[in-house]
Amino acid sequence: MSESSSGTAASAPAAAGGANKTAADARFLRIENLVKEFDSVVAVDKVSIDIRKGEIFALLGSSGCGKSTLLRMLAGFETPTSGRILLDGRDIAQIPPYERPINMMFQSYALFPHLSVWDNVAFGLRRAGLPKDQVADQVEKMLGLVQLKQFAKRKPHQLSGGQQQRVALARSLAKRPQLLLLDEPLGALDKKLRERTQLELVGIIESVGVTCVMVTHDQEEAMTMASRIAIMSEGRILQIGAPAEIYETPNCRFVADFIGNVNLFKGKVVEDAADHVIVDTPECRHYVGHGITGTEGMEVSVAIRPEKIRITRERPGGAHDGFNCVEAEVADLAYLGSYTIYHLKLATGLLVKASIASVERLPDWQPTWGDKVFASWDEYAMVVLTQ
Amino acid sequence: MNKLLARLMPNNPGRAVVIGVPYLWLVLFFLLPFLIVLKISVSEMNVGQPPFKPLTEMVDNFLNIRVYLGNFISLFDVANDDLYARTYLSSLKYAAWTTIFCLVIGFPFAYFMARARPTIRPALLMLVMMPFWTSFLLRVYAWKAILTTNGVFNQILIGLGIIGEPLHMLHTPFSLMIGMVYVYLPFMILPLYANLVKLDGRLLEAAADLGATPWQRFWLVTVPLSKSGIIAGSMLVFIPCVGEFVIPELLGGPETLMIGRVLWDELFSNNDWPRAAAVAVVTILLIIVPLAIFNKYQAESQGERT
Amino acid sequence: MSTRPNWFGRGWLAAGYFFLYIPIVLLIVFSFNESRQDVVWRGFTLNWYRALIDDKEIIEGAILSLKIAFLTGILSVILGTFAAFVLVRYKRFLGRTAFSGMVNAPLVMPEVIVGLSLLLLLVSLQNTAAFSWLNRGMFTILIGHALLGMAYATVVVQSRLQEMDRSIEEAAMDLGCRPGQVFFLVTLPNITQALMSAFLLTFTISLDDVVISQLLSGPGSSTMPIVIFSRARLGLDPRVNAVATITIVVVTIAVIASSLYLARSERRRQKEISAAFSAEAAS
């Protein structure tokens, strides 16, 4: 949840000047208990986030989770039902979009079809009443930044998807906004182009140094581009953290399942020690090599990523013999080049997914359909989910 | 953003002007005239100016409102004068026949257009729309020259030896029907074409694959799927036909009663404005019924789609 | 599957087009016929075109009609744009249902009734002291035509506004435009084509209208259709054929030229789009 971020801000010592500035930077954009209701349907439900100055922050969730509504409230297209949005200490929730120092890059790019590339980029600068030469300077600079100088005279429809995306970026950066919003920034591009553009986009944003909030439904995009990610579902924030943090230690079943693949074993805590836990599930006993905030007898789920499961022909021996190991039958497998994914059927009927990297393929034996195998994992591979 | 605008600027003067201007215009030139028609339809006729008596009168400091229903009663007083009843029925009859003829001619026409090579379809469509841009009045006038007693049609029939004496065709139900079908045929073809051209050819292939003969494919696949086009086209033809004035005036005869003409005569020949107003009110009611059915159907079919 | 029209289909289409075009062709042919009264071909002449020059009634009617049509076009487009904007953008306001009903009603109401109601309004107004100066004429015809034209213009502009990407308006706001500026700097430039077609449509409707014009016209304000209609009622007049031919030729050329122009610019646009994307694919 949001404790991790707000916790650091609250614990920052208020006395020291330098620390004061860091504290202010850590909550450059502060969203407080933001709520948005549409005709009594709650689209955004008491969301609080602190976003650091200069970071790229991603709101990740499936469609309808409220991430776009949240972004539109930041841009000013929706007025919050309640809550505050503080940008650099100033509450902007009631300020209309045309007076906010915030610019947005739209999912459809929303380039003005009747204006040339140059005029598109100049549009915001002209509305701000900048003198002509300053407008020209800034437009040239922006077109240089996105490497589109030679296309300045073209109309949007004469550009490819990737070029349009860069024009949209240049236009949203032209006014030097304090906050840049990206709505599914690469959603309209095809897959190959997307991968190339992701890092390019990060490079440009970081070179400008603007704080950036992006919305995406694509976890790969979020993990590649963002320094921190908030996972949203049904209008609420489930977890905020760096990409690795969210992947390795999801705090609930939804997050574990949403980011990547996961195998879940449902069971009960039978031993709760400071440095380890033992969980009993119908499939096997799990020895978890770290403590949890829970009690004995508590209902939990043990989550294991497919790539952390080993497949062997013989029952493996080891430190925790008898734990973390199940007998299974290979129900299905799919060879995907860099790795192979196995669907293992356990005696209880549960299907467990295991992915084996191709570098680990044994020359003498590859499990195949119908093979009886053992699936095992080590004590640090698991996360115990209490909710 | 609608809601944004609404909430952001509840006192936004721009919004008030944007809504206000067309609203005021419509109230002034649509609603108000219509209310006046209603008012006059329940007034008594007056010889002189204005040609109707006021509804309200101050009698002994009391406001007297006299609602006179005589105009409406006389419209349906069949025993006394069945002109109006006959006119309404005959208007509906001609409108219905026009719709049927347009459908019978227009459906195959639209069907074959939609099946033509995609490269020539725009040209075919253009050819159907062209008459729209040509004056409607002149196109109706043209039929006079064709159907008149020594006109082109009679000349051809005599030339072919089909008839000996020229037929009397102008100012008959025949000439009226020709004119109406001629003018309204494009209104039937266009929605049907728009519908049929979107028909997925693979559905017909699937039907053929499942053993349907061409005739069965047409009746079991094409026709049901073009239902909305058929209904839209029929409405576009039927509704304006009921109130048509120019075509019956130029091509119709004394026995082809149409409500538009009767209304016109009440207004200009008989100078009976209250009755003309009553005729108008009843006509509107007549048109509202099919329109309401059509709207209901549209709302339902839209509900099905979503 | 062979679904191309067979001989029967081609025949049906040919017969249909013959039916649609034969009156127009004959209208033109008889404008060159020497005979005055009947419709038997008596030889080629240009007399009727010459006669038009001296036909003050028709010339004045044509000028009046063009004036009214032009003003109708402008008024209808302005009102229609307002109404379309209201219908597309303002989903909630007091009396919205009544508003959309009133906008669309002239499309289905018989013209005789629309004209009659305006005539009765006019007469009622004339009976009040403030409007006793109001006479039937160009102004009243214009009101009637604009009422009808507004309904058509609204339909045209409405469909354009509906298909327009709303995010470009949000982008304009995001970049600092106030709502009014958004309309003039972004919305308007992107619906100009719809406004043009709405203008042409309402212009033609006005130019062609008899019923409303007749009901709302006064002495000395006979539009061309009124003149033609009164002559057509009496019988055949080759001068009407001559007028018809001229208008048909002008309109046909204009319509074909404009649709060729539109088709060509659309083709060029498509070519530019595919060029831009193939350049990207190659890079």
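So that you can tell them apart, the chains are marked A, B and C in the order they are listed, and the count of residues begins at 1 in each.
Convention: contacts are C-beta pairs under 8 Å (C-beta built on N, C-alpha and C of every residue); 3 or more make two chains touch, one makes a residue touch a chain.
Here the structure is a predicted model, which means the values were calculated and not measured.
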### Query
Comparing centres built from CA atoms, which chain ends up most distant from chain A?
B
### Query
So which chain ends up closest to the centre of the protein, judged by Cα positions averaged per chain?
C
## Note on the structure
Chain centres from averaged Cα atoms put chain B and chain C apart, in whole Å, by 18
### Message
Need the CA-centroid distance for the pair chain A / chain B, whole Å please.
### Response
59
### Centre-of-Cα separation between chain C and chain A, whole angstrom
55
### Summary
In chain C, the residues touching two or more other chains are 170
### Query
Residues of chain A touching 2+ other chains?
77, 96
### Task
Give the residues of chain B that touch two or more other chains, as numbers and ranges in rising order.
1
### Task
Write out the stretch or stretches of chain B touching chain C in their complex.
1-2, 5-6, 9, 12, 14-15, 18-19, 21-23, 25-27, 29-34, 36-37, 40, 49-50, 105, 108-109, 111-113, 115-117, 122, 124, 126-128, 130-131, 133-146, 148, 150-152, 155, 182, 185-186, 201, 204-205, 208, 239-240, 242-246, 249-250, 259-260, 263-264, 267, 273, 276-277, 280, 283-284, 287, 291
### Task
Show which residues of chain C lie in contact with chain B when the two form their complex.
1, 3-5, 9-10, 12-13, 16-17, 19-24, 26-27, 30, 38-40, 79, 82-83, 85-86, 89-93, 95, 99, 102-103, 105-106, 108-113, 116-121, 123-124, 127, 143, 147, 150, 166, 169-170, 179-180, 204, 207-208, 210-211, 215, 225, 228-229, 232-233, 235-236, 240, 243-244, 247-248, 251-252, 255, 259, 263
### Query
Can you list the chain C residues touching chain A in their complex?
165, 167-168, 170-178, 181, 186, 189-190, 269, 272-273, 275-277, 279-280
#### Entry: Complex interface listing, chain A residues touching chain C
75-77, 96-99, 102-104, 106-108, 110-114, 123-124, 127-128, 157-163, 171-172, 175, 193
